Amino acid sequence: MTIVLAGKSPQKARVEEILRSEGFECVTAASPRDAKELSRDFPVILLGNSAVDLFLSDDVFAFRKISGLGAGEPAVFLLDYGSDTPDYVLPLVLRRAVSTALSKRPVFILARSVRSGIPGVEKLYFDARNAGAAIIKYEELSIQRSDDICEISVSDGIYRYTLGTPLLVDCAIEEDKEAIEYAKALRIHTYGSNRINEDRWFLSPGRTSRRGVYFLDTGLIVSDRLKDTIFSIADELRRSPDAQQETRAHVDASKCAFCYTCFRVCPHAALEPDGSAAAMKVIQPLCTGCGICAAVCPAKAIGLHGIGHIGIEPGSAGKTLAFCCENSAAIAADTAFRDIDADIVRIPCGGSLDGESIAAALKTYSRVIVAVCADEACRHFDGSVRSMKQVEKIKQAVGKLGVDPGRIGFVRVSHAAPAVLRDAAGR
Amino acid sequence: MIVAELKPIEEIISTIESYERVLIASCGTCVTVCMAGGEKEARELASLLRLSPSMENTEIRVVNLQRQCDREFFEAADEDAAWADAVLSMGCGAGVQFMAERYSKPVIPALNTRFIGVNRDVGYWTEVCQGCGDCVLEKTGGICPVARCSKSIFNGPCGGSSGGKCEINPDTDCAWQLIYDRLKTLGRLDRLYETIPPRDWSLSRDGGPRRIRRSDVSTEVK
Amino acid sequence: MYYNKHYKRLGVFVRCFMKNVLIVGGGLAGCTAAKQLSKFGIPSILLESSSIIGGKVRDYGCKADSRCSQCGVCLAGNLWEAVENDPNISIYYNARIFDLYKNGDGFTACFLSGPETHELNVTDVIVASGFTDYAERSLGAAEIAPSRRILTGRNLETLLKGRTSDSIFEHEPASVAFIMCFGSRDIKEKAQYCSRVCCGYATRSAKVLRHYYPNAEITLFYMDLQTVNSSPRYMDELRKNGIRFERCRPARIGSEESLPVVTYENSEGLQKKTFDYVILCGAVHPCPDAAFLSDITGLRVDENGFLQYVLPPEMTHVYLAGCASGPKSIYETSADAAGVAARIANFNFGDGVRQ
Amino acid sequence: MAGISRLQSVFESGGFAVTAEIGPPMSANASHVEKTADILKGIVHAANVTDNQTSIVRMSSIAASCIAQSRGVEAVMQMTCRDRNRIAIQSDLLGAYALGIRNLLCLSGDHQSLGNQPQSKNVYDIDSIQLIKAVADMKNEGVFMSGKKSKNMPKFFIGATANPFADPFELQMIRLRKKIDAGARFIQTQAVYDIGRFEAWMKEVRRLGLHEKAYIQAGILVNKSVKSIEMTRKVSGMQIPDDIVERMRNSDDAEREGVLISLELIDKIRKIEGVRGIHIMAVGWESIVPSIVKEAGLSAD
């Protein structure tokens, strides 16, 4: 089985070695464009190498001076200052602190909390203490600067210390810009301008928004975890996606206006232009069946296999219809609607709901609930935000028609708090 | 592409509520792509109109036309149009008028046709052309002063340009700043030294309704 | 496309048909592994000691305030139902394994399910026996007064799961304390390790409480804080939301006039403070059967009491999933169990054994 | 009235020109213009009469200019391209000249969306540079914009505006050159607060020799209060250094401080080579103009 490695990393040889031991053949993508082409046929692992840049609090104290200064002056590594230091930075800082301490320089590590749950960190703390570094857990901290010295006053809640140092090391992360280029070419979800993966419960380490494309930032990942992550990627690649899901989108090429809307909104990069048909087509193995494309398609050219048009049976006045996202509300519905006379329409994602369905439901039901996942819990990234916007739009429109917008409810729920859904429906 | 947007729904209702049978006709080209008058919008509008208490006695049908600016496509709507008392066209202004020519019943616009524009992002369009009939883009680095300068001036910027933004609102780029930046990257700032003379607006709408006849294609003898 | 091609070439199907897996424990790890195996076409036998599968996670509540806090409970989703209805999975409730011996290439497992004894042949075994919640074990100990207002983490989870759109507790609390590292980082309890999960649990729960009760005073007593979320501002946000952090181990949690009283020491000396509710964020301790399971499976019990591999599981055909091998978050447990299932389904990769 | 304007003769005789501003009223009442003209008479060489400034409907600049001239203050009639097409512009120019108006300041005009009738349609048939060219062609070639020759064409003394503080600098300079090349004989600048930037701009003007082709008049805005300077600061294209705003804030007598600031600026501006006059904008506070002119040691005589 072939796997494509894209991006640069000093750990690349190691990644390749692990992959080979798992029975993969590695091919290297030369450019983002190359990676894009290869990603059609093979899974891709994008390597990033974000660096942790240990910089001094000011230019005056350039870090390179560290070796040139008198041995007696202490170096202070400051963590959690301004904001919490991310856990992947911690081992890197500790390693740097150990090596500094071993060069017979007093070292202080100031942290708001000592975190040891990260694999390998306990040992580093131990090494640091052995090398003579003092670790201070602070509650309050203030810094006074003069030309060549920083006066740091720290309190751990019981005692107060004052440290004078010319070497105050703060920590920041320098993202791998090249990896971002690759990410754009591979059309995986990025956040802000330069973060490839956000903390989402449904993304296991290394996974991205696109199936078959993985992202390993070897600069940030703790080395023990690298191997485990690659193992789990290898395991995943051996699975059949067919067994995983039933619903997928399909494009009716005769209706497609080739407007690229679906291409732009698909969170999983599952659509591509089919030039010969002058229409979009769904890359079946990448489609997760969320239905966002079907909801936004202005030509109604996209349908979902397994789910036809959301059929709404005529309800009776006084009855409630709940559009329930399969990932959250639909699971909670059994418990939540035990005592409520409500009809339930299961939808694959909040994003698959269009205004027409909401309006049509209002025609026959006296109350319509749209129940979806919390925004950042949405497996399809912005599906639940989209549903909220649809609801807002329809509410505004029906308000102008003289229909009570209060008949439409919107609630963010989880399967693990069903009474919230019940309250929304039973209002 | 022609960019349009749906009229306020209360305005649409006020124009059609007196009819008993209304046909909504979508258009599959520009207005579909700009998400104003395609099948999705037509169906959504239909289901919203059915909710309106003042439209209770109105029956609504939807027909999806591929294009409203070529008459052959109307055939698909003929049957439904014969049934209807009025047609609500979701085409651009051209589509509405062309439908009105074909059917001897009220044809009502559902959209406001806004401008000729481009899609900059999902759900975001900006005006780039006014169809003024005499293109000066060659002189201005490919950025149109007629459509993109609030005052359509040819020797800009005016005194209202500040920090690269137009005086009418800080979200609007000053077209002349864009022209300057563009010519600068092209190394053609010399273009700016040339005073563009007052232009001939007769090629624009000011010359009256415009028409083009291609003599090599049109066999009609004048 | 590419998946199918290679999938077939590997011939996984052929091998999978010959497998049959025994899973000890019907919690999140066991169910995830069973479901995953079923996707590969491998039948499994799930032994659950209680009358309902899902273990502790089944009662966990959502910890989103207005935003998802990425607690991972959603991973359970409709898993239980899916496992119950899966034709590839046979579930034995109220089950207890009492013997397991080698039989040819596989094992014979002897277990009780209710009053009946069963004996089945399996090719592989997954030990997913889970963990013990220290807080539950310790209720009634000398330092902890019995009180309805002193809740274990699990009690709170149940409340969170049952919460309505405007309340969690019966009464609106004016003050809530979370006692973190309860039973971990504690030499006395022979649990010097960090349980790793209670920080996330406590801080997320605190956020939900803050969302429901904006005026309540919320205090977290901690010994050691982990990074919960990759968002670097997470702890800052908590502090900004008025959640107080107090670094100490409370000496006693008593009860006066039916309200819990926490005695602790800080820089200003010994403090005594009454709270409306005290929540004990119990440590993850090894499951009580660990020693027995170690005897019958050949796994090793480590210094903290968790089970560990002696040899790579591909050689022994005994796998570990979830918290049986140490504290894990929901999300790590799920990934671990899915990984184990994949390893069973694909025995012959590369050189065979992962180091 | 003489063939050439007084303003032109002041410039040509090497004098330092002082102009002020008259804002026509939002009514048909002539007395407002008359009162302002009476204040300015004998104090300034000429006064600008604005053309529906900030797109708010006011008495037409032609009429107000006539009224001012009838009270003995020479008008600099402002003409924008916002409201008239080339037919109306040329016709108005013929009329204005016939009524004795000799100075003309050509502008683009504020966009109508800034005013109180944002629903209106704008014209911009031609822009300010094309307008300058058209007026110059009338004067020099005796032709209309259509190219048709005619006798007795208006021979205005043509002015234009410039903003030394707008970015990009290079582009602004190109436009100034285009205006002067088109036929502008005098240039009134945006209000000057930042002397450093103004000096830099003048340096470039001198390098290009533009000060020899047209007379440069620096704009001076007189602020009466802290509020007024803060409002001025928000106007697009205006730059006011912080220390000046601070001075106004910290002063007990803001009115006096405003005058002092203006006097200091005038003093500095007069020393800059190539500056040939000042244009005082005392929006709604015209009564202060005489004392500023006197205290600055300037005179219209």
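Chains here go by letter, A, B, C and D, matching the order in which they are written, and residues are numbered from 1 within each.
What we mean here is this: a contact is a pair of C-beta atoms (placed from the backbone, for glycine too) under 8 Å apart; a residue touches a chain by one contact, two chains touch by 3 or more.
Note that the coordinates shown come from a computational prediction; the quantities given were computed from them, not determined experimentally.
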Chains touching both chain A and chain D: B
Most remote chain, CA-based centroid, reference being chain C: D
Between chain C and chain A, distance of the C-alpha-averaged centres to the nearest whole Å: 23
Mean-CA-position distance for chain C and chain B (Å): 59
Centroid spacing, where centroids are CA-atom means, of chain A and chain B in whole angstrom: 39
Chain centre separation in whole Å, for chain D relative to chain C (CA means): 79
Graph class of chain-chain contacts, one of line, ring, star, complete, other: line
Touching pairs - complete list by chain label: A-B, A-C, B-D
Chain D to chain B touching residues, read off their complex: 81-82, 86, 107-111, 113-114, 122, 124-130, 133-134, 145, 161, 163, 166-168, 170-171, 174-175, 177-178, 181-182, 190, 236-237
Touching residues (chain side chain B, partner chain D) in the complex: 150-169, 176-177, 180, 189, 192-193, 195-198, 201
Contact set on chain A toward chain C in their complex: 1, 20-23, 41-43, 80, 83-87, 90, 112-118, 137, 139, 157-158, 198-202, 204-205, 212, 231-232, 234-244, 283-285, 327-328, 330-331, 373-377, 411-420, 422-424
Chain A partner contacts - residues on chain C that touch it in the complex: 1-4, 6-7, 9-10, 12, 39-40, 60-62, 64, 66-68, 70-78, 81, 160-166, 194, 196, 199, 222, 224-227, 229-236, 247, 266-267, 331, 335, 338-339, 342-343, 345-346, 349-351, 354
List of chain B residues in touch with chain A within their complex: 8-10, 13, 28-29, 32-33, 35, 38-41, 43-44, 46-48, 50-54, 119, 121-122
